Amino acid sequence: MSSVSMAVDFAGIQLKNPINTASGTFGFGWQFQNFFDVSRLGAITTKGCAAEPWPGNPKPRMTEVRGGMMNSVGLQNPGVRGMVAESGEFLADLASKGTAVICQVAGHSTAEYVAALELFEDLCPWAAAFELNVSCPNIDQGGAAAGSTPEGAAEVMRACRPITKRPLLVKMAPVRLPEIARALEAEGADGLTVINSIPGMAIDVHTRRSKVSKPTGGLSGPLLHPIAVRMVWEVAQAVDIPICGVGGVTSGEDAAEFILAGASAVSVGMASFPEPDAAVRILGELEAWAESQGVRDINELIGAFEC
Amino acid sequence: MPTPSPARVHECTVVKNEPIAQDIFALRIASPELARMLEPGQFVDIAVPGNAMSLLRIPLSFAEADAEAGTIDIWYAVVGEGTERLSRMEPGATTTVLGPGGHGWTIPEGCRRALLVAGGIGVPPILCLARELARRNIPYTVCVGAASADRLVGEAGFEAAGSPAISIATDDGSAGYHGFCTAAAEQVLETEGDDFDYVATCGPEPMMAKVAAAAERAGVACEASLERMMSCGFGACATCAVETKSGMKGACMCGPVFDAKEVVW
Amino acid sequence: MSSVSMAVDFAGIQLKNPINTASGTFGFGWQFQNFFDVSRLGAITTKGCAAEPWPGNPKPRMTEVRGGMMNSVGLQNPGVRGMVAESGEFLADLASKGTAVICQVAGHSTAEYVAALELFEDLCPWAAAFELNVSCPNIDQGGAAAGSTPEGAAEVMRACRPITKRPLLVKMAPVRLPEIARALEAEGADGLTVINSIPGMAIDVHTRRSKVSKPTGGLSGPLLHPIAVRMVWEVAQAVDIPICGVGGVTSGEDAAEFILAGASAVSVGMASFPEPDAAVRILGELEAWAESQGVRDINELIGAFEC
Amino acid sequence: MPTPSPARVHECTVVKNEPIAQDIFALRIASPELARMLEPGQFVDIAVPGNAMSLLRIPLSFAEADAEAGTIDIWYAVVGEGTERLSRMEPGATTTVLGPGGHGWTIPEGCRRALLVAGGIGVPPILCLARELARRNIPYTVCVGAASADRLVGEAGFEAAGSPAISIATDDGSAGYHGFCTAAAEQVLETEGDDFDYVATCGPEPMMAKVAAAAERAGVACEASLERMMSCGFGACATCAVETKSGMKGACMCGPVFDAKEVVW
């Protein structure tokens, strides 16, 4: 056991450690259970689910780019009921082992977010919190289209807030963050997940076509990291609610930058693809870093960036 | 919960890595545990070191998994930066390989005769299947296509696996029939379809679609091995979706081998 | 000689080819003259200069990040007069050889942009065009602070437009691009340079301090490329004035993506640091690509992305 | 226009690359043309292949440029990913090196005696200068500091260059005087300052500031070799600025060696 206490309070959720997984990069958790004991993580965030199943976008849905990847999955998901039928048992068990299960909520419109969240609230007693995805860059309605203005994001939050007493988080698009964060805080958001994929474009110069099935896709990976750290820092200065940092974390030091910039939790995203147990390695490295900083409690390092 | 992938991350060592045709390499890796687990039609996901800007593994089928020798034979086409980098890995180099990936061929019970149709770099999983058919004493016919004679692979392999009949086609006529290998496959199915209980195909998607249609016309069960851009290889990302008649299915878990009738071509 | 005609019209400037250099990464041109014949390029864009010299920011001013670098130079410049005294002769000669010299204009306020542009207009008869930098992320006033809203950008443009008849370009910050582009077009901008560095943050997790002298810096390099291509495409759809694509170009294919997305010119930035003659190599590769596309004129490929 | 940098991109080959102290390597590269051009105190900018995420060259001083042999000797500390990567380059490996960079030491006309003060990995350019002084028959005194005995480099080099007096200091007392090498330097300047016409220093900035102050008190000309984060190395980017009494000056063109009195420490 490490000498540093790694437990954090994130938006009212007690996490045994700050390591979380980014929605859409960790399936519904059980996909990783053979690679490592998922209950070692502080939290996992499940793939965004809507009230009804979504088919997602046509192929190709992915291309590599320098320093990361670009996806256009388009929030393919089995719907809340399908998700619960398929993965509910595993997730309930995981929750019982003290790993917070954060369920992500998808929708094409405010009404759809409400419908999905109502289902989640009903069917997922084991969920520690819900995360509203108002930032998916790969769908034409809802997602980033809903969450890229303070008004749009606030509208979704306002409609969803009454549905649950559990912590309500918002996954934010990489635009106009301080403004939107303040709007969400005002509507009662308990925490903010910063950031979702940045929209990008990759053209096959031989065929002159997009390398994914839509003109643009969402970027993930180390290329995002310095941008995401800056955004977390900006949001941390704008609001008092806690932040989960996401974007390009591949090492404990990457996670540490988010913590120093003001994040209470950190999600590992695409790093889990080539290295399925990346999150738990990163947890170990984060702990070693905290120890090297001579603190007793990781909380002493949250927002400890000096400028 | 659905069954998670049995995949693990295995250490592996390059045993050999040599060109066998124009832009096509044969890679042999030693990874004893994985070699024992692999079944024909599955795939592996290999990490190719050397470019920090490129993070994902490369999904590859295999032509043979030798449980005794502990080795896996992979044939790959050099088509981009990742496979180019792979082609520079030298014997003795070590890396990791994630697998087994997905589910492979399902030879129908009581299958009397099979038709195998492989195009281009679609040969490896088909050759692997041919060996399995040979092991089970199920006769089969092979149609292989390639862009040109210098890109043709597998002929010797199918012969060694005891194939009685290999029909070769090349797009440019430099070997065998001048045209697509689908022509031969369609003809076989049209004229002798009743003798077959199974068609298996891997290659470019339009080729497989033609084969699937011919098999359906002939009333023969058909499986096809599909490729998709894969980020994880074990069911976590949904980038590998294949449109099927019963919805989107992940190629890395429900495939890469699909019932051809189910696929929306 | 290639069989493809590489000449383009960019914002009324006749360029012998679309390759330009990004402001701040190519000095005043003469720094590269020993490495290659700079007059082979279609254009060069000089470091942003203000009416009076600026000292820039304290050290450290640079750190490497994965897939690029982050700078906080803060627009150190010798002022327009100093620039003309030092580099005027070289630039006039370069212009006489048919390479367009685009002079970038810096300021802390609208009045300062006006003052600088007036000096440029007077002292630089050889300049083919002027580029207003309303997007530097490393200064507290002016730069991105001025150009990150449609109103702010428009204000600078409106004040500067009457000063010169030569083409007036604007270097854009990576935010709210379609809106700001439309505002600039309405105020008479002749062309848009998309994009300036994206603000980022890199924390030394041992000292808990920024790796540059300010909390944030500006990111450059391949990590930007897919984001920049998407932004060029968005701007190309929003306005009719021509675009110069900038961000992470290290190869002819990178440049080709910008062209396909709708850029008439492409700037090479930090690629010139490790490889001083990168711009001319990229020009050759772009030409080879155009040839491989079977066109007679590179203009046929501008905006030829198919979606 | 101001004089552009004489730098070019030169091919080079690693001749040897070995540890000479704790975390310190001696690298010898062969680059004949560049070796002939280099002057003491200048630097070179080396490309270290192997990490596509890291694009910039690494600026490094040199301990010796042997025009006849065509080789350049560099001593570097492994402090991060780039120098770690450099330490893995093997003899025979090829890359490119940009140089000569900047301007080096200016030994005052008629200099009778020099004081050289080097800390840590600041030794190489000082050693290079020592050889030049020896060549010109100018006597000099050397003060060398290091964190500990196992990180101390250059002693043998200064002896070979004919140094009559080397004063060693280590932060932990494991070799020589227990403390900073500035103590010895300050004492020399205080007590024998009149015998000296030149002080040259390279090392951590606080160390150089102390030496500069002592030289100024003693009325002796002083030059210091400064480090900055450099993106280009030839005057194009302004990331390497040094604050001087006459404004910001680029370390890669106006330095790395500066008149210590000019520097705003």
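Order of writing sets the chain letters: A, B, C and D. Residues in each chain are counted from 1.
Basically, a contact is a pair of C-beta atoms (placed from the backbone, for glycine too) under 8 Å apart; a residue touches a chain by one contact, two chains touch by 3 or more.
No experiment lies behind these values; they were computed from the predicted model shown.
When the interfaces A-D and C-D are ranked by C-beta pairs in contact, the top one is C-D. Most remote from chain C, judged by the distance between CA-atom centroids, is B. With centres taken as mean Cα positions, chain C sits 48 Å from chain B. Chain B and chain D have centres, each the mean of its CA atoms, that are 58 Å apart.
If you average the CA atoms of chain C and of chain D, the two centres end up 36 Å from each other.
Counting partner chains per residue, chain C has residues 66-67, 222 touching two or more of them.
Chain B has residues 52-54 in contact with two or more other chains. Viewed as a contact network, the protein chains are fully connected, with every chain touching every other. Across the interface of their complex, chain B is touched by residues 66-67, 222 of chain C.
Contacts from chain B toward chain C in the complex involve residues 52-53.
Taken in their complex, chain C has these residues touching chain D: 24-28, 30-35, 47, 53, 55-56, 58-64, 66-69, 71, 73, 76, 86-87, 89-90, 221-222, 250, 270-277.
By the touch criterion stated above, chain B contacts chain A in their complex at residues 1-2, 4-9, 47, 53-57, 82, 98, 228-243, 247-248.
Residues 65-67, 70, 175-176, 198-203, 205-210, 214-216, 219, 222-223, 225-227, 229-230, 233, 248, 253, 256-257, 260-261, 289, 292-293, 304-307 of chain C are the ones that touch chain A when the two sit in their complex.
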